[in-house]
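Both of the next two complexes hold chain A, though its partner changes from chain B to chain C.
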Partner chain A sequence: MTQFPIGRRTVIAGALGSVVHGGASFAAEPIKIGFSIPQTGGLAAIGLQALLTMQIWAEDVNAAGGIIGRPVQLVTYDDQSNPANVPRIYTKLLDVDKIDLLVTNGTNLTVPAMPIAIQRGMVVFCMLALAVNEKFKYGRFFQTMPYGPRGKESISEGFFEVAMAMTPKPATVALVGADAEFAKNAVDGAREQAKKHGLKIVYDRTYPPPTVDFGPVIRGIAGTNPDIVYVGSYPVDTSGMIRAARELNFRPKLFGGGMVGTQAATLKGDLGEMLNDVVSYELYCPAVAARFPNVEAVLKKYQPRAKQKGIDPQGYYVPPFCYATMEILHQAVTGAGGTDQEKIAKVMHATTFKTVVGDIKFGPDGEWDHPRMLWVQFRGLKGQGMDQFTNPAAEVVVSPAAYKTGELRYPMGLAKQ
Partner chain B sequence: MVDPLAVVNAVVAGVMLGGFYAAVALGIAIAFGMLDIPNLSHPAFVVAGAFSTWQLNSHLGLDPVVAGLAMAPVFFGLGWLVYRLYYVCFERRGEAALQGLAFFFGLLFITEVALVMTAGADYRSVVAPYIGVSFTVGSLVVPQRMLVPFLVSVVMIAVLHQYLLRTFTGRAIQAVAQDEVALRLMGVGPMRIKGLAFGLATATASVAGALLIIIQPVEPSIGREFIGRAFAAVVLGGMGSFWGMLFASIILGITESLVSDMWNPSWAPAIAFGFLLPTLAFRSSGLLGRKL
Partner chain C sequence: MSNLRFWGLMGVLIVVVWLAGRLVTNEYVFFAGYAVLQYILLATAWNLLGGYAGYINFGSAAFFALGAYMSVALNKLVELPVPILIVAGGVSAGALGLVMGYLTLKLRGVFFSIATLALAIVFQAVITNWSWVGGASGAYVMRPADGPWGGSYVEYLFYLMLAMACGSVALARTIERSDMGYGLSAIRDDEGAAESNGVPTLRLKVLATVLSGTLMGMAGAPLPFYVAYLDPPSAFNLSYAVNTIAMPLVGGTQTWIGPVIGAVLLTAVQETAMVTISSASNLLLVGLLMIAFIALAPNGIVGLAKAWKKGETHDAVSNRSAHRHRGRSG
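Now for the complex of A and B:
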């Protein structure tokens, strides 16, 4: 296993946070928070955003006096986006680094950490993971993404609700997704939704993750003439799918789905007007900024540092919920009066946490007790460029009703509008 | 019933895709096919080429293809240096086989980490007038994002092929793969020629990287996805044969495209690679290559 310099810097930054920021001086032992995070490899774009946000949180907490009078110290290693590295990292964190609290992130990188966490009875503070606890059913697992108790379905539920409100109602659907964990879960959920709404599935295929040209996939879908198309994809595939659909002038009534990447500023900026009318999910976007005013302060700290590090310069997707995860950790340790895992787990189940992304209450499975995925439709985009996505009108929230900022526009129009 | 027009569209898309695969595989065709150097890090160099194209495109507004060509001499120098290191550490001591493989595998990761440290881990893309548009001939639709890489790739292969055929250095590069001693007797230093050839192979990564970022956004680790396809194209086409490699790449592209369009996309790589096995069973030298 390799501990990269950035990991060492993280430890030092965490430990010295109070000194750097002129906050309280600590006599007590630090609370060590350990996690594996992708700093290189395919998931680094997400991992580095999470790491930066956690560093910002640690600085904020240490400047304000720490948690129960103890400073926080982040201990982290690069898992290189490789799940095979994860068990070794968590074993070292627990046995050698003697961490007090354990954090995980991402579906594929949380699953291999679970057996170790369960064996040691550790509370798992998890972020950005889909339906991990469905199989483990671990009572000390808590995940901060707002999927709710039916994880697989939540990544398609809003899309189908919106689709079924169209007039006339759609009758056929094409389902397509990458042959990988998250996308398969998303398409599984979409299949259930299609059955629930009585839609005829005319195309139901997966594609291998290293696909370069999505033209043939889109042609295959277009050949079945579906009313709506649900896509479960990863960032590069999302870009390939949307480009191919536009280049081949494929315009069903509704196109979109659980498309990872439509939340990332650089990818959105690259696709620009090609995204017009596409419907995808978001966790936070400028259209709902007024509902979560405390996110702005986090992003103000995050954005200048992200630009320097060459990671998502807007940070609407990862940082708010990552910061919220750490706020929950803070409140849980305070509530438990220490790092006793049993006490923390009890507090986690019993408390409604106040976070920058709103109130969070966990259900028995450790997921949010209700889903709150935002379904947005991209509108009015011109050419390329990420700056246009700071405009609340660029992403109209079409579901759920409580956060709705506009009605769905259909059928899918041209890219240039 | 199969729509003939759909088949034509899929075949044309496959040809375009194959052309791009050939651009990625060209450097491996030189390094592995001609010099017997298992350069596993070549796809990472391609991604480095894509990042340098992104820099020139976003800061100076250079067309991606022009940017890729402009950076080719820098990549040539880099390749020459890498070969010198490889020669001094492994080849000279006769430890090129397994240690060499480990060296290039390590270089792949070092290149990726260097890209994360210098350019960040985010997705990068370029702007060009031919991205996002397509031209239509009857019912045939060809995305220019795929057509431009195909054309550039074929021209690059043709130019390098002519260079190897018609220049003294080019013929020396072909000779060094076959008989180093004979080349020495002709008064030519094999190390110098191998360094030049490896530099050329790395220079093609700069152009291939430009073509990659035209097709899709890139992040530092994306090159790993091309290792299998690129080596398969070189072996299937025949070691040392550029046209064989292009032919094999196009076969891979057409197979992937047809299977994705007509059948099931998830079967595309299995069927494309499945073609490799019987070909090598019945023709061990590949489609157009020298004996293995």
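Now for the complex of A and C:
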């Protein structure tokens, strides 16, 4: 485990900031916020973005006088993307570091923390996790990603709504995904959606995560001639599937799905025009920036530091919702008047929180009371390069209706348009 | 060390740890202690075949994960106490060792090692596609808050792991001093010569594989309860395979105490490196230590200590004889 002294630095920075800004001085004990986060291993790309955003939030809060007059201190350890390290880390945070509040991230890395949190009655401020509380049904669990109460289905619901609005309606679907946690959940949800909409499933297979050649997979799908193709994939296979589809000139009416990686600037920039007409999900993108004006301030602080650290330089996916998680924590502690976990849980259930990503109200299961996944279609991309994704026209929101910025274009066109 | 002294020390150690555990209120101690004991058990298990017989097993994670997934599978059918799950994990991993050993140990040299590597990959693919035990999505195991004898459940798991680690060390020491141990040493030194002298090489190798696999399976069985969640990437994590080989190599492969020293030392080094340098460096450090010990001290820390002691004794004998010689000539 690596203990990052960011907490102490943050307190110092915050204290200095408050001196500069004439804010409150911190005679009070800091509020310690503890979390395990992947800074190395497979999930580090996400973890490092979350960590930087939380540092930015802590600096902002401390500069403004802290929470209920107390500075915040982040205490964190690297779990190396390995769930087996998580129980030890959270026990250390609670028993040795004596944290006041507990934050988790990621599905696999949140589940091992749950028994400890439940045992100690801690409120779990969670982000980037899917359907964790389905098993635990813990009344003090709160997750900030907008999956809503039907977690698994939310990664395909919008895609199928968009597909069924095509004229003529599609009749057949191919489902394909990696043999791994998120992708399997995505394809499971898509299978339910296909049944719900009366689509005939003509291809339903998985591929092992280390697959590098996706040509045979795409050829297999193309052989069944589906109207639409739903893919549940991780970044490496997202890239492989899209490249193979383009190289083989496979162009169904609709191609896309729960494709992890199409939210990351580097992968998007690398794929460039090959993404044209692909439909995938987003949590935030420049097309909806006007709806969430406060996100820009967060990204302005995040982007230069992210470039220095060599992590996602645009940060449209993780930072806004990560910052929102911490804003919720801030408001909940303020509402409870301290760090009493029972009072915080009551506030969490009762409050509609104002955050940079809009108003958030939690349902009884601790997920958003309604889903708000954005389904986007990539458009007008030329060559390669990530800068073109700052253009709102590069990702057109096609679902949900409340955030729609354009109509779906189908069938899938050529890469060069 | 005499038998009496060994068992006396083992008994004292268990009583001291148990008494200390009664006084500890910080649960982190049990979490950290569990990880150390788990590696003592794994390293000792690996050493039965890799150290004593010289047959390198790269597939420790497969045996370990089999024990873990056996717990997940049985726990889905009926809620059983962890000790029974440990027995089931041990039996299943031992059976895998028997099949694996019988099929591959007839061939000498690297074939067994290659087969163990393949075993881990094939077994991971099977688990990933077996949805009943969670498949790629992983399986949840709800851990009770309290242990059956009072205290927390993690404290209970810690004592179970302590018992298994002590048992494995005792077993390794017994084997080392038995006909089986001498037979395995003969295989390690020259298998052909051992066979021509009547050592039942295949039988001993298969037996060592079964015992090694059993202990690894037993080490994995409590894991789902410790983590509360098990998915293929964490059950088959590279760190298990790497550490399980590195620990005996660093400590010393030819004695029972070597893996214990290696496990305690490397766990401490890794924890310290993660806190003070960076978490990315911890496996790198293990790799560097492995290379250093293989190149400079192939018999590990125990070998170095023995050589130093031998040198000191040699010096003392030389000094005494020189003194006598000077006395006579004076």
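In this text, the second predicted complex is superposed on the first by the 394 of 417 C-alpha atoms of A that agree within 3 Å, B and C clash if a C-alpha of one lies under 4 Å from a C-alpha of the other, contacts with A are read in each partner's own complex, and residues count from 1 in each chain.
In the analysis below, a residue touches a chain if its C-beta (ideal position, glycine included) is under 8 Å from a C-beta of that chain, and two chains touch if they have at least 3 such contacts.
Note that the structure is predicted; figures quoted are calculated from it, not measured.
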Fit or clash - chain C, chain B, common chain A: clash
Dominant contact partner of chain A by residue count, chain C or chain B: B
Partner chain(s) touched by A:416 [first = chain B, second = chain C, both, neither]: neither
First, second, both or neither for A:184, with chain B first and chain C second: second
Partner chain in contact with A:39 - chain B first, chain C second, else both or neither: both
First, second, both or neither for A:354, with chain B first and chain C second: neither
Chain B versus chain C as contact partner of A:83, first or second or both or neither: second
Contacts of A:220 with chain B and chain C, given as first, second, both or neither: first
First (chain B), second (chain C), both or neither touched by A:212: first
Touched partner set for A:195, first chain B, second chain C, both or neither: neither
Which of chain B and chain C A:382 touches, first, second, both or neither: neither
Of the stretches 1-9, 91-99, 181-189 or 253-261 belonging to chain B, the one that collides with chain C: 91-99
Contact residues of chain A, present in both the chain B and the chain C interface: 39-40, 42, 179, 206, 208-209
Chain A-facing residues of chain B, complex: 3, 6, 9-10, 13-14, 16-17, 20, 109, 112-113, 116, 119-125, 127, 131-134, 141, 143, 145-146, 215-217, 219-222, 225-226, 229, 253, 256-258, 260-262, 264-266, 268-269
Chain C-facing residues of chain A, complex: 1-3, 39-40, 42, 78, 80, 82-84, 86-88, 91-92, 95-96, 108, 111-112, 114-115, 118-119, 135-136, 178-181, 183-185, 206, 208-209
In the complex with chain A, residue positions of chain C that touch it: 26-28, 31-32, 35, 125, 128-129, 135-138, 140, 142-143, 145, 152, 154, 223, 226-231, 233-234, 237, 239, 271, 274-275, 277-280
Partner chain B, residues of chain A touching it in the complex: 4, 39-42, 44-45, 47-48, 81, 176, 179, 205-213, 215-217, 219-220, 223, 235-236, 239-240, 243-244, 246-249, 261, 264, 266-267, 270, 274, 309-312, 384, 415
